[in-house]
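Chains: A, B, C, D and E, in written order; residue numbering restarts at 1 for each.
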Amino acid sequence: MAGDPLVEVDGLVRYFDVSPPLLNRAVEGAGRRIVRAVDGVGFSIARGETFALVGESGCGKSTVARTIVGLHAPTAGAIRYRGTEIAGRSAGADVAALRQRMQMIFQDPYASLNPRWRVRDIVGEPIRHNSLLPDRASVAARVAELLVRVGLSPVDGEKYPHEFSGGQRQRISIARALAGEPEFVVCDEPTSALDVSVQAQILNLMKELQRALGLTYLFISHDLAVVYHISSRVAVMYLGRICELADTETLFGRPRHPYTRMLLDTIPDLEMGGRDREPVAGEVPSPINPPSGCAFHPRCPYADARCRTERPELKPAGGASVACHAVEEGRLG
Amino acid sequence: MSAPLLEVEDLRVEFPTRRGTLVAVDGVSFSIARGEVLGMVGESGAGKSLTGNAVIGLLEPPGRIAAGTVRLAGERIDGLPHEAIRRIRGRRIGAIFQDPLTSLNPLYTVGEQIVETVLTHLDVGARAARRRALELLGEVGIPAAAERIDHYPHQFSGGMRQRVVIALALCAEPELIIADEPTTALDVSIQAQIIRLLRRLSAERGASVLLITHDMGVIAETADRVAVMYAGRIAEIGPVRDVLKAPLHPYTRGLMDAIPAVGRDVDSLAQIDGAMPRLHEIPAGCAFHPRCPSAVAACGRDRPDLAPSGATEVACWLYRPEPAHGR
Amino acid sequence: MIALVIRRLLQSIVVMLAVALIGFTLFRYVGDPVAQMVGQETSLQERAELRERLGLNDAVAVQFGRYVGDIARGRFGISYAIDRPVADLIAERLPATLELSFVAALFALIAGIPMGVYTALHPTRLLTRVFLTISLIGISLPTFFIGILLILVFGVWLGLLPTFGRGAVVDLGLWTTGLLTASGWKSILMPAFTLGMFQLTLIMRLVRSEMLEVLRTDYIKFARARGLTDRAVNFGHALKNTLVPVITITGLQLGSIIAFAIITETVFQWPGMGLLFLQAIQFADIPVMASYLVLIALFFVVINLAVDILYHVVDPRLRIDRGVEAG
Amino acid sequence: MRTKLTLAALALALAATPADAKELRFAFQGDADSMDPYTLNETFTLGFLGNVYEGLIRRGPDLSIEPALAVRWQIVAPDRWRFHLRRGVKFHEGEDFTADDVLFSADRVRAKGSDLTTRLAGVKEIVKIDDHTVEFVTEAPNPILHVEWGSWGMMSKSWAEKHNAATPEAMADDQEKYTTRHANGTGPFRLVSREAGIKAVAVPNPHWWDNANKEHNLTKITFTPIASDATRVAALLSGQVDMAYPIPVQDIGRIDRNPGTRMLVGPELRTIFLGMDQFRDELLYSDVKGRNPFKDRRVREAVYRAIDIEAIRRKVMRDLSNPSAMMVGPGINGFSADFKRLSHDPEWAKELLAAAGYGKGFEVGMDCPNDRYVNDEAICQAVVSMLARIGIRVKLNAQPKAKFFPKILAPRVDTSFHLLGWTPGSFDSWNPLYNLHGCPRLGGAGPIWPEGARDRISQGKVNLGGYCNPKVDALAARILSETDKAERDRLIKEAWSMTISDIAYIPLHQQALAWGVREGVTVAQRPDNQFAWRHVRVK
Amino acid sequence: MTAIARLRRTIARVRDHDLWHDFTASRITVAAAAVTLAIVLAALFAPWITPQNPFDPAELDLLDAFTPPVWAEGGDWRFVLGTDDQGRDLYSAMLHGARISLLVGFASVLLAAAIGVTLGLVAGYSGGAVDATIMRIADIQISFPAILIALLIDGVARGVLPRDRHDELALYVLVFAIGASGWVQFARTVRGSTLVEKNREYVQAARVIGVRPAAIVLRHVLPNAMGPVLVIATIGLAVAILTEATLSFLGVGVPPTQPSLGTLIDIGQDFLFSGEWWIVVFPGVLLAALILAVNLLGDWLRDAFNPKLRKGVAR
């Protein structure tokens, strides 16, 4: 881990109120319904590293990403960028300048580009918006440069998004992110909508850009193999909380949390090792009424009474941080 | 070995458009033995779903079967009259689609939908049909089936809904199940459950499965044999172990190398440059040749047919003498 | 469900208050109510007395409160032009308008839904084109023009149908009906056709587009894949799902039929509320105008409530609390 | 042959069956807006109620005055008229008709809310001599006191008081006045039911005093108001009504050609004319500031000469009008064929305008009803177009009578140029001379149309242009009280000469009455456009 | 790139566009477009291609009234399609009337679109109470048919406006009345599109860049919501023309001195029974043709813009 933390997330909470209208609650006696999308998440990302958040749908990983870039306001907690608070009420006036150094790449290459805009306008938008360059000519030159940088041709700038394939669109997305001259890029499942052959292209491009430009990535994915390939540190999320956080090697080499183990177990074995794995029973519970104590306990083979009542905190355990009573007590791991 | 249950020969699916006729599936041949699971894998737009739809006669107009034959237990089922193919669907061929969220009619309880299907195909009374529906729901692993049978689809979770869909596909004991991306919309932990369920049920009933997916992992877990599709054609078909461990076709090889794997530490992944051609610009000869690192002259000129190479069949000039003509 | 009804009722009250405010504003500020009520020879002092007696000097809020209170008790004031209580006028006119609207709506629904279904199921047939052409003409020909042409052909040239009025009506006490006599039925044919034609067109087009939409859904495709009969798919599944959105819009349309009756009633001299309203506009008879507005709003509110309840009955997604969250 | 005969007989029998009922179904463009005979001074309402209520006198088909509830009358002194009431007359609900009812009706017709107060204008006192004799005392001699009484129906005192309808005043609170839907007269027909704007039904009065001489053979009358011209015509053509009026002039030919229907066309007493603002110092709705062109007789003459009355007669009225040089037509006492219209001459008109200093024309707003007179709006449009040719730019404001009359009549008199029609209810020239030509001011002098007091104007009440000629006023006063017929006629002619030479108004024409009737129905068409059912026979 | 080259490229792009191909493939749509264009152009150039200005009373001669069309007995070559009751040349009156009808139609649709699109964008993008309020108002309004609202507004305007200005203001009142009753469709649709678009990732990308909500709504959301707006505007144009005609027929529209097509029909229907059919039939046919053509265009546009209806595998 090199350098000081670029991004620090501390006790981040984000709830969504999906309650039925007051009247229904009054008549039907129903309570408020709060989706606890993110329920106390903390981590820090060092300059130059790729930090991955991994988990199944509904675990809150995308909400974390969106909260960091400012698409959601946090319900509680702090997000510091280069030591400056950038979210919530305590955010200062200089946040806009800091935010500009933070860009995002989205999942759906079809939805993330405005279909009515030419590619040059899409890529040029961050430049124009932040007045990074003085005149139209220099913007055009910069856009052309960026297109080449991501493996497209400058003449592609005249085209509209629908004229490109999914992989090419994701390159355009990347070019747009680069146009803001970022140092930190949040990548929300950037390859999960792509075919594997194209996924490889994009992953390679991202790695190459990171090297060349010294970028820091927050990488969101549900695909453990991709995460293993690209990230240096990984946090596994389950129902709005981090259950394990470790270096990639540590996590994949010696998963400690039962959920992490279960996830790793689901990775298909392309080598055809012939092992017959018993899939975990049950399904992810609703984040509206998360189970008490450790949210994973209903599906956990190691759960005991404490797991059902007491919520485990993230604690260091052999080079990793794990939120598990069993691990802490030494029953496991 | 008994005669194959499903034989598809030289299947060709076309879409007439104003820019000319698009050939979405081109000369596809394969067969599935009784009790066998054939995986059909390929990237989006490869034509794998259309192949599945063509087999059960559910191509959406203006798509149509332009050539080729489809035989079920030796009997031709392509081009059958509307009513005849309808009787086969659900009864002899079951289908499972990708999105369990939208596959069920939201206005009917799951029980009603199962009973309706049973009554359509089997000569049983309403009570018997409901009993059968209950059994099926139990079999696909729906807890408290007796209560859940009267619930509406929106009251089920995604994984449970896909189980209901499987129950629906199986309710008339079909000989063949066409499963089109049955796990794509599901979370990884649920995926594994569904795959297992599908595998178990088909094995118990001796049903054959055509499993269509883009996920090599699913193929590796489930299929006996695999057909790799590219641009509407089969590039390679053979036993799963052979194809995955020792792919012959350069496309299959590239694909396997491009998949990141836990434990495989590489700085950059092998990548196939470019993208799959759109249907109106499929190149002549081997459709893969512009992206192929091993392409030879013949590749751009002549289209290779599938030819055996060991247990596998592969459509590639690398494993064939180049065609005689040439410059 | 109870919460829905309560909320709708609360909303309805707000709507009614808003409309009452408009009605009150019309009554109070468009023209001088006193000037409307008295003859030219009434002296200024008499006017002032009347003004005081009518409470026009009270605070506006008090006046509005009194207005709402009167309306709630069914007291709509006295018509300037006809010099009778508006409530009585409306009670006399209401049956005519409601019968006309009812027959027109019935006609529009009975003809419109099957036509829409037919055109959606058989998009290429000749009859579909005929229906679509009729529907285009239906929305393109002005209602009054259709009415005039009908009168010319069936009333004047052929002499088959009466050209105005309700024919013989039977007085049932609170209600007068023309639907119990032959001449009543003969009289209602042309007006109901004229009034229903436009609605028929709308309903047919709505059903058609909704049904086309539904026919493209996954669950219809899955129903076909299950081998259900065309009948079951088209009517059991597609039509039922089509009707859910159709109910809402049709409900609104039925409300608008009552208002559109203004034109039809004018052309056919149908002794209903629309005619009353138009006469009121010409005579600047504000109490009648305001009351008509309030009444139409009441219809809208009632119909909307009924539609909402119906909607909940038909669509289980709204009826039942989500038992399990979708994964 | 035999079969044919049988069939014909059968057809005849079938046709005769409904005819036994002898029902008269008729339609008019509007409704009788109240069944109270005093609330509305409007031709149709009065005409309709004239079948139910009767006055002391009544008018025959030729408008001649006949005895009705008064068997005879005499002028016992110049300011005192005595009426001998008919004995044995009963109201529909059985009350006896006596002098008390006359006194009650006289009070009621002058009470607040009555629109018919003019019926007893100038009557100072009414004296009951005995149960069947009353005397009317007037402020000044009045030779035509009773001429408008045909439309002043007698009401039963006890009935009105029983139903809390002792005055015609509208009830302010939310209650319907009993007389809005109920009537109780002595007339030949009894009101059975009325639904406002929908229909009214009446049946013959079996106890009518004149049943011995009755002309009609009706058993039932059904009236339907049909506002739309086309619908009304269609109803007649399709045989749904036996009689309909008015028939739009353009449809007259069609109804005449139609085998089952025919037209009754006759002159109406109403004169249609244009009025011009001659009292304001500045014209309303005009681009002329500080002056009023219409004050200049040359401008009025120019307007007169610009109008091609023949074109209007042929194209707008389809020959069903009688171009008029006077403000009264044939049939009105005082009409004279000696007066001739000024010639139609646009060039001359332009010269007149130029001479008056309006060579480039001017702009003026025109008020016009669009549902009152035969083709009223079309006439106005034609006038607009004709005036445009001499440079007068007219902005036409055509609106329904319900909005038109409040705008132009007192107290607003918000008009500088308008089209209006006038029927002298008394069929005598004094009425238009007083109402249309009398100087509209309070007392002998003072401003014309004084602001704030306009609703108290009596003389010249409808003189919306404010024409003012003291000589005409003096003549009118003499005409009112002159009892010598020859002298009176001479005075009338002298007055008309003055107003015509002043171009006080521009008379246009007397419009025609256009009633459509089913073949087999005979009616008597009265020139005042009132439909008396007692003359109807249905085959 | 020169302007001509750019133009050429644009034309090429249009000709290559799916919409253009859809359009040219549908003969009835092409015919509808041709009819619409012809009527619009004829109305636009009416003063130059008609022999008479029917709005200028000085050009009318009452003696020419009721001239039948030229092929009928008594026809006059000066009045090819005959004249009405005031001696107006019907051909001239129809084109000038179409001018008014189209003017009212276009202006009221523009007004409705301006109100509706703005409110729809605001409601959809802000959500919450603002959204709820706007949409409740829309719900209430939509339950009152346009004709009723227009009648009311017109009635109120008649009560409130100075009488002598009424005829001058009649057009504005009509436009306002029809426009104010037509905004709901726009608002609902735009709100719907906005709700979809605002959650699209390209909008979020813009938000990440820091683009302000107003700019996002105008530059990102609005262009993507314009397709349905165009469809509604087209169909709304037909409805507006029809509403104007109906109001004029009911006698609360434009004054007869400046007749629109609806007024002409209103005038003409008085003469239907008397055999002067041309006064009602020609304007009626022109009106019906115009509305039919516009409706056909609207139908086609709706289908063309509906991606669910678009077939084809290559995307």
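We take it that a contact is a pair of C-beta atoms (placed from the backbone, for glycine too) under 8 Å apart; a residue touches a chain by one contact, two chains touch by 3 or more.
Everything numeric here is computed off the predicted structure, so don't read it as measured data.
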| item | value |
| --- | --- |
| Chain C and chain A - chains in contact with each | B, E |
| Comparison of A-E and C-D by number of C-beta pairs in contact, larger one | C-D |
| Chain whose average C-alpha position is farthest from chain B's own | D |
| Gap in Å, rounded to a whole number, between the CA centres of chain D and chain A | 89 |
| Inter-centroid spacing, chain D versus chain C (mean Cα positions, whole Å) | 40 |
| Centre distance in Å when chain B and chain C are each reduced to the mean of their C-alpha atoms | 53 |
| Computed distance of Cα centres, chain E from chain D, in Å | 45 |
| Interface hub residues of chain E, defined as touching at least two other chains | 158, 251, 269, 272-273 |
| Multi-chain contact residues (two or more partners), chain B | 157, 159-160, 187, 190, 278 |
| Contacts with two or more other chains, residues of chain A listed in rising order | 57, 283-284 |
| Residues of chain E defined as touching chain C within the complex | 136, 140, 142-145, 147-148, 151-152, 155-156, 158-160, 238, 242, 245-246, 249-252, 262, 265, 269, 272-273, 280, 284, 287-288, 291-292, 295-296, 299, 308-309 |
| Sites on chain A touched by chain B in the complex | 56-57, 165-168, 195-201, 203-204, 207-208, 222, 224-226, 228-230, 252, 262-264, 266-272, 277, 279-281, 283-284 |
| Chain C-facing residues of chain B, complex | 56, 58, 82, 86-91, 94-95, 97, 99, 101-109, 116-117, 120-121, 151-152, 154-160, 165, 168-169, 172, 186-187, 190 |
| Chain C contact footprint on chain D (complex, rising order) | 33-34, 39, 112-113, 115, 117, 170-172, 174-177, 180-181, 195-199, 224, 226-228, 230-232, 234-235, 237-240, 371, 400, 402-403, 406, 409-411, 455 |
| Residues of chain D that touch chain E when the two form their complex | 229-230, 233-234, 237, 248, 250-251, 253-254, 284-285, 308, 311-312, 314-316, 365, 370, 377-378, 381-382, 384-389, 394-398, 400, 403, 407, 414 |
